[in-house]
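Structures follow.
In the two complexes below, chain A is the common chain; its partner is chain B in one and chain C in the other.
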Partner chain A sequence: MANNHYAAPAPVGGGLVNIVTLSCGVLIALMAAILMVRFLFGLGAVTALNDGYPWGIWIAVDVVIGSAFACGGFSVAMLVYIFNKGEYHPLVRPALLASLFGYTLAGAGVMFDLGRWWNVWNMFWPWSINPNSVMFEVAVCITLYIVVMWIEFSPVVFEKLGKDDARRKVSKLMFFIIALGTVLPMMHQSSLGTLLVVLGGQVHPLWQTPALPLLYLLSAIFMGYAVVLFESCLTSTAYRRKLETHMLTPMAKIMLGVLAVFIVVRLGDVLMRGTLGRAVEPSVQALMFWLEMACFIAPLILIGAESNRRNPARLFLAGVLLMLGGSLMRLSGFLIGYETGGDFSYFPTLAEVLVTAGMFAVEVLGYIIITRRFPVLPREELQAVK
Partner chain B sequence: MGTRRDFLRGVLAGGAAATAGVVSAPTFARETRSRPPEALGLLYDSTLCVGCKACVAACKMANNNPAEFSTVDHLWDTPLDTSGYTFNIIKMYRNGTMDAKDQEVNGFAFMKTSCMHCADPSCVSACPVSAMTKDPETGVVGYNPDKCIGCRYCVAACPFGIPKYQYDSPTGRIGKCELCRHRHKDGHYSACAEVCPTGATLFGKTSVLLAEAKRRLAMKPGEMNRFPRGHLRHAQEKALQGKPDGKGVMMRAGWRDEPDQSYETRAGTYLPHVYGEKEYGGTQVLKLSGVNFEKLGMPNLGPDAAAAMSETIQHNLYGNLIMPFAVLGAMTWVARRNVKPEDESSGQGGKDRGQ
Partner chain C sequence: MGNLNEIFDTGRETLRDVERRLDMPRREFLQFCATVAATLGLPAGAEAAVAKAIEAARRPSVIWLHFQECTGCSESLLRAEHPTLEKLILDVISLDYHETLMAAAGHQAEAARKAAMKANKGKYVLVVEGAIPTKANGIYCKIGGQTAIDMLKECAADAAAVIAIGSCASWGGMPSTISPLSDSSPTGSAGVAEILGKPVMTIPGCPPNPYNFLAAVVHFLTFGKLPELDKLGRPKFAYSRLIHENCERRAHFDAGRFAMEFGDSGHRQGYCLYKLGCKGPETYANCSTLGFGDAGENNWPVGCGHPCIGCSEKGVGFQKPIHQVAKMLNVTPPLQYPRIVEAQGKAASFASAAAVAAVAGAAAGAAIMLTRNLGLSHAAEEAERTKAAKPEDKAGA
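After this line comes the complex of A and B, so read on.
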C-alpha cells in the first residue's frame, strides 16, 4: 500500500507579492519583449546562432538540461509507485509540479527555437512523420508526457475546485497514467542522448558513443532525485518549514546507487572505446570532461556515509553538484564538444540568456503561486510550525 | 560491511554489463545504404576548375536566390560560404607564394562546396517531419519548406555542413543544393554543370561519373586527353537519336539534347582518390583533386554513415514499439498493485508516518 498514513497536502497560503515573485515578473516581461522581436524579425535578430552552431542555449539548456531537471516527478513516482516505497509519498506532488512546469516550458522553449513553428503539426501528421528521426521520437514522447503529467496533477486542481466526482474518475485510471508517466520519460530522456548520434564525428568522442541513451537515462534519473533534494531543501527554507530529511536521507542513498552505476558506465565506455587519451590532452573539452567527472564523484565522498546523508547542507550540496554534472555532460555534448569545422563560434547573446532566465522565472513563479494556493506540499504538523 | 561490498559488486557488474551491451552495438548497426543504381550527381575536377565562378552565378539564378555581399561596394554577389541563400560556392586554397595551380606547397587550388547528395544522408535521417527526403530513383536529396519546422537538426547533422538556415528571416527556410531537380522536368540539368566552361563540373549518372573519374586517374599527368563538358551521358544514351519534344526542343533520353562539347587538354596531376566514392557510404557528387582534400575543406570521413548507427539504436529501442509496450505493460501491472484510488486514502491525511 503506497499511500497510507502520510500528511495530506495542503496549500501553504501567504501573500504572492514579494521580492522573488516581483523579480520573476520582471524577467518574464523581458523574455516576452525579446520573444516578440524574435518572432517578428527571425532568430538572427536576437540569437548568436549560426550554421556552425544551429542549436544554442535555448535547446541545450532550456530543453535538454531543463527537461532533465524536470525528472523529479518521474524519479519519485517510480520510487513510490513502482518500487512501492510509500514513505516517499509526500514528495510526489511537489516533484510532479516542478516536472510539470519544467516539461511544459521545455515544450514551449522548443517553439521559440523552431524557425518554421507554424508547420509543427507535421510532427504528428502520419504522412509527414519520420520514424527514423530521433527528434521525432523525442517530440512525440515529450508531448505525450506533458499531457500525462497534467492528468497526474489534475486531482490537485479538482481537489481545489471541489470537483470530487471528476477527481474520483481520474483516480480510477491513475495507475495507468502513472505507468505511462514512467515509461515516456525513460523513452525520451534516453533519446535526448541518441539525438547526438547522427551528428557523428562532429561531436567530441568523449560525448559521442552508442552508450548515449543509457548515459542520458541514468543521469536523468539521478538528476531527478538531485532536483528533489534541491527543491525540498529550498522550499523548506523559503517557507520556513520542517526539513524533510527523514525522506531525503534514504532517497539520497538510492540516488547514489544510480549515480554509481552511471559512473561505471561513463568511465567504462570511455575506456572501452579507447578515448581516454582525448581526456588527458590539453583542451577545453578534456577540462570539461574532468569538471563533469568531479561533479559526479564528489557527491559519493560528500554523502557516501550514512551519517553525512543526515546533514541537510551536504544533501543540498550533493544535489546541486549532480544537477551541475548532468548539465555539464549535456552542455558539452550539444555545444562545447560540438565542432563542425570551419570558423564558426557561438556564445549566447544577452537576449538568449534573458529568455532562458525568463523560462526559469516562469517555473519559479508558477511553483510559488501553485504551492501557496493549491494542495501540493504536505500539511505541516502543528509542532513543526515555528 | 558485507552489504556495501555486495552493493559495489552489483554496481560494477551491472554497469559493466550495460556498457558492454551498448558499446558492442556497432557490430549490430545496420549497413550504410548505397546509392540507387540510377543515382544522379556531379563530378567536380579541381584540376580543371579555373575559379571563374560561373557556376556560383548560375546557381543563384536557377534557384532565384538574392546576392550576398562581403565587399563594401555591394556591387557583386560575393558570398564567402554557402548559406541559406547560396547553395554553391567555389573556394580557393592558397599556400605561400601561390606559384602553381594544384600544388599543395606554394600553390593554390579550387574546391566546389555544395550538397554531396549522400547515399545515406544524415539530414534525411534526422528530419522529424520528412521535409528532407532522398528520391528513391535519382537519389537527389530534396527539401520541402511546406513541411519543414525549422528545427535545424539537418544543419547540425550534416558532416559536410551543407543545409543552411536563413536566420535573418522570421519565416527562414533551409537552403541547399537540390541538383536543380526543379529544372529536370524541362530536360535541364544542374545549372552549375550547364555553364561550366572547362567541364570541371559535370552532370550525369553517378555510375558514369565514377567511371569518368577513374579514367582520369589512369591518365598520365600532362598528357593530352579528351575531356567532356556539361552533361556526361553513358554510351547507350550517346548512341540515341535526339527527338523533338513538340515545343521545338530536341530531347534525348529525357534530357535536352546538346552538341558534343568535349575538348582536348592536358591531364592534371591527380591524387589517387575519388572523393565521395566511399566516404560516408558514398556520395552522388564525386570530386577529384591534386591537393589533399582535407586542405580543400572536405572532411576526412570513414565508410559508415552516422545515420546507420543512429537508426540502429532508434529501432532497437523502439522498433514496432515492442520494447516501450513491454515496459509499459510491466509498469502498469506493478502500478495497478501499488496505486490505490485517491479517495480510499486521502481521508487519512494529517497523520505523518511518525518519523
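After this line comes the complex of A and C, so read on.
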C-alpha cells in the first residue's frame, strides 16, 4: 500500500443529529416495527408474496440490486490492488464502507425473506449442503464476502481504537483477503444472473439468456464505479468538501469502457437470439427494456467527451443513470419480466416498500456515523493544500 | 355357487344335534360358520367344512393359563354380544382348566389340570393369557406354589398347539412397559414365545378381537393345524395389514383433514386422528375391518373418536406416549397441504403505489437538485479559472 503521499484518512467530525439522520431514524423505526410483525406472524402478514411470485422487492431490490450497488468496494479495490492504480487509493475506504453496508444488509434482507429462516443454518452445514445449487453458491459467496469485507475494513476500526498491533497483524494477511474480496463478488454477482437462467421460460426473453452471468458481472462492475461517482459527489456536497474530480474523471473513463463492452454484449445477445421483436411490441416489458437501454446509452453521450468528464454534474448524473439502468435490468429480470403463468400478479405492499426504504436508511445512517467518527474519508486540509 | 342345501347337507342329522347342543337355531349356526370362514379368508364352500368340524364336536381339551394380566381377553371373549358365543366356545372345546371360569378351586383345580394333561397328552391346546415375569426367578407370579415360568413350561411340553392370547402373552404387553428411567420392566415380563424359546401362535391386542381368536381355534378344529402365521406368530388373516390401510377415516388422512385436538370441528366431523397420535399407521391388526364385540362397526377406538394406541404392536402399545405422532410405515404426510385455491396476488393498493411513487419522486428530485448544484458550482469554478487565466494572458502579451 504505497500510498503514503496521498492524504491519510481522517474522521470528518461534526454533529450526528440533523434532518437526514433523524429521517433515517424514523424510517429505521418503521422498518423495525414491520419486521416485528413479519417475524411474529409470517411473510403473509406484511408482504404481497404468493406462489407465483415467491420473491418480492426484498430479494429483487434489497438483495440483488442492493448487492450490485455495494460493488463499489470491489470495483475500486480491483482497480487499486489488481491493476495497481495507486492514485485511486483515497476512494477505497469510502467505497468499501458503502459495500460493507450494502452486503451486510443484503444478507439480512435474505433472512427477512426466508419463510422458515430458522432452517438457514442448513445452508452452511456440510451434511446438508447442495453444492450443485446456484443459490448455495450465492449464499456461501455472499456470506464469505461479508466476512472478508469486515476484515478489509477492520484497519479503520483498529486505527480508531488505537490498536496498532492488531492492525499490523491484519495487514500481513491483507493481500490474501483483498484477493478473496475480488474473486468472491465476481463469483456471486455472476451467479445472481445464473439464478435467472435456471428459472428458464418464466423470465421474459429480453432478460433470459445464457449470457446473464456475464451481463450481471459486467454491470456489477460499472455499477460499482457509478456508485463511487454518486457517493463521492454526494459526500463532497453534503460535507461541503472539495470534489474529488481529479480521481473521478479518469475512473469514469474506465467505467465507460466496461459499459461499452456491456452494451455490445447486451445488444449483441438480444440480436443474436432474435428477440429484438419482443422489444418493439406494445408491452410494459418492451418499455422497460428501452428505458433500461436509455439509461445505459445516455452516459456515453453525457460524459463521452474528456471535457465533459471533468464536469461533476455530468459525472454524478451518469453515475445515477447507470445505477438506475443496472437496477432496472435486475428488477425486470426478477419481477417485471417474470411470469409464472396463471393469473399471478405482484405489487409490493406499503410494508414491503417501507422495509426496503428502511434498509437504505440504515446504509445512509451508518455511512454518516462512520465517516464522521472513523477515519474513512481523506483528510481535508491536505487535500485543500494539494 | 351351487345348491346351498347340498353344500351344507341341511337335511343331515348332526345339524339337528348341534341345534340342540348349542341351543341355537340352525340358521344362526350356519351364519356363524360363514362369518368365521370369511374372517379366516377361506374360499367359498369352506363354511360347510367349518360347520361339519364344529358339529363333529371332537371337543379338544383346552388348558387356559392366566399369568400377569387382567383377564380382559377372557372377558371380551365371554361378554361378546353374540348370544351363543360363550356357549359355542364352551361346547366346542373341553375347557379343562381356566381359573376364572372353572368351578374347581385350590388343589382340586391343579389336579384337574394335571389329569387333563395326562389324559390328552400331545393333543390338548394350551392357551396362555398374560405375560410371564422373569425377574428374581419369576417369583412375581405363582399359582399353587409354582412360578409362571415353570407352569408354562410344564403345560407346553405336551401341548398340540400353544396359543398366546392378548398382547401380554404375545410379547409382554402392558406389564413389560419399560420406564424411561430403567432398562427393564419392574418384573422383567416376557411373552410366551420368549419363555418357551420357540414360536407360538400369538393373537395380540388389548384385548384382541374375540373373532380372531375364535377363527384361529376353529381353523385348528377344521384343518387340524394352525392358520398361516407371520414372523411374529400372528395369524396372517388378521394381522397382515396396517390398521391405517383399511381405516374408515383413511380418506380424511389422504385429503389432509386432521382432527387437531379433541372436540375441535375436525374431530366432531370424524376427521383423521393421526395428529392426535393415532398409531394405526404403525400397527398391524384388522380392527378397522372386523367389528369388535358384535356391537356395530363403530365399536373400536378410532370408530368412537380416540386414536389407536397400537395395543397389539410391540414397541408401540404401552411404550410410545398415546398422543405421540405415529411413525409412518408407508407414506408420511407433509406438515401442510397446499391450498386448493391459491392466492394470486392483488393489484397495487393506493398506499403502496403512493409509497413507491414517493420514493421514486424523492430520489429523482434529490438527484436533479444535486446535479443542478454541482453544475452551478462547476460553472462558477470554470468562470473563475478563465477569469484568473485572463490577466496572465494579458501580462504575457
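Here is the rule we go by: the second predicted complex is superposed on the first by the 378 of 386 C-alpha atoms of A that agree within 3 Å, B and C clash if a C-alpha of one lies under 4 Å from a C-alpha of the other, contacts with A are read in each partner's own complex, and residues count from 1 in each chain.
The working rule: contacts are C-beta pairs under 8 Å (C-beta built on N, C-alpha and C of every residue); 3 or more make two chains touch, one makes a residue touch a chain.
All values reported here derive from a predicted model rather than from experimental measurement.
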{"item": "Overlay on chain A: chain C relative to chain B, clash or fit", "value": "clash"}
{"item": "First (chain B), second (chain C), both or neither touched by A:30", "value": "neither"}
{"item": "Partner chain(s) touched by A:128 [first = chain B, second = chain C, both, neither]", "value": "first"}
{"item": "Touching partner for A:342 - first (chain B), second (chain C), both, neither", "value": "both"}
{"item": "Partner chain(s) touched by A:172 [first = chain B, second = chain C, both, neither]", "value": "first"}
{"item": "First, second, both or neither for A:108, with chain B first and chain C second", "value": "neither"}
{"item": "Which superposed partner A:50 touches (first chain B, second chain C, both, neither)", "value": "both"}
{"item": "Chain B versus chain C as contact partner of A:265, first or second or both or neither", "value": "first"}
{"item": "Overlapping contact positions on chain A, where the chain C interface meets the chain B interface", "value": "50-52, 342"}
{"item": "Chain A - residues contacting chain B, complex", "value": "1-9, 39-45, 47, 49-52, 54-55, 80-82, 84, 87, 110, 113-117, 119-120, 122-123, 125, 128-137, 139, 155, 164, 167-168, 171-172, 174-176, 178-180, 182-183, 186-187, 190-191, 194-195, 197-202, 209-211, 213-214, 246, 257, 260-265, 268-269, 272-273, 338, 340-342, 378-379, 381"}
{"item": "Touching residues on chain A, where the partner in the complex is chain C", "value": "48, 50-53, 233-234, 237, 243, 311-314, 316-317, 320, 342-350, 352-354, 357"}
{"item": "Residue ranges of chain B touching chain A (in the complex, touch as defined)", "value": "7-8, 11-12, 14-16, 18-20, 22-23, 25-26, 81, 83-84, 122, 125-131, 145-153, 155-157, 159, 161, 164-173, 297, 299, 301, 305-307, 309-311, 313-315, 317-318, 324, 327-328, 331-332, 334-343, 345-346, 348-353, 355"}
{"item": "Chain C - residues contacting chain A, complex", "value": "338, 342-349, 351-353, 355-356, 359, 367, 370-375, 377-378"}
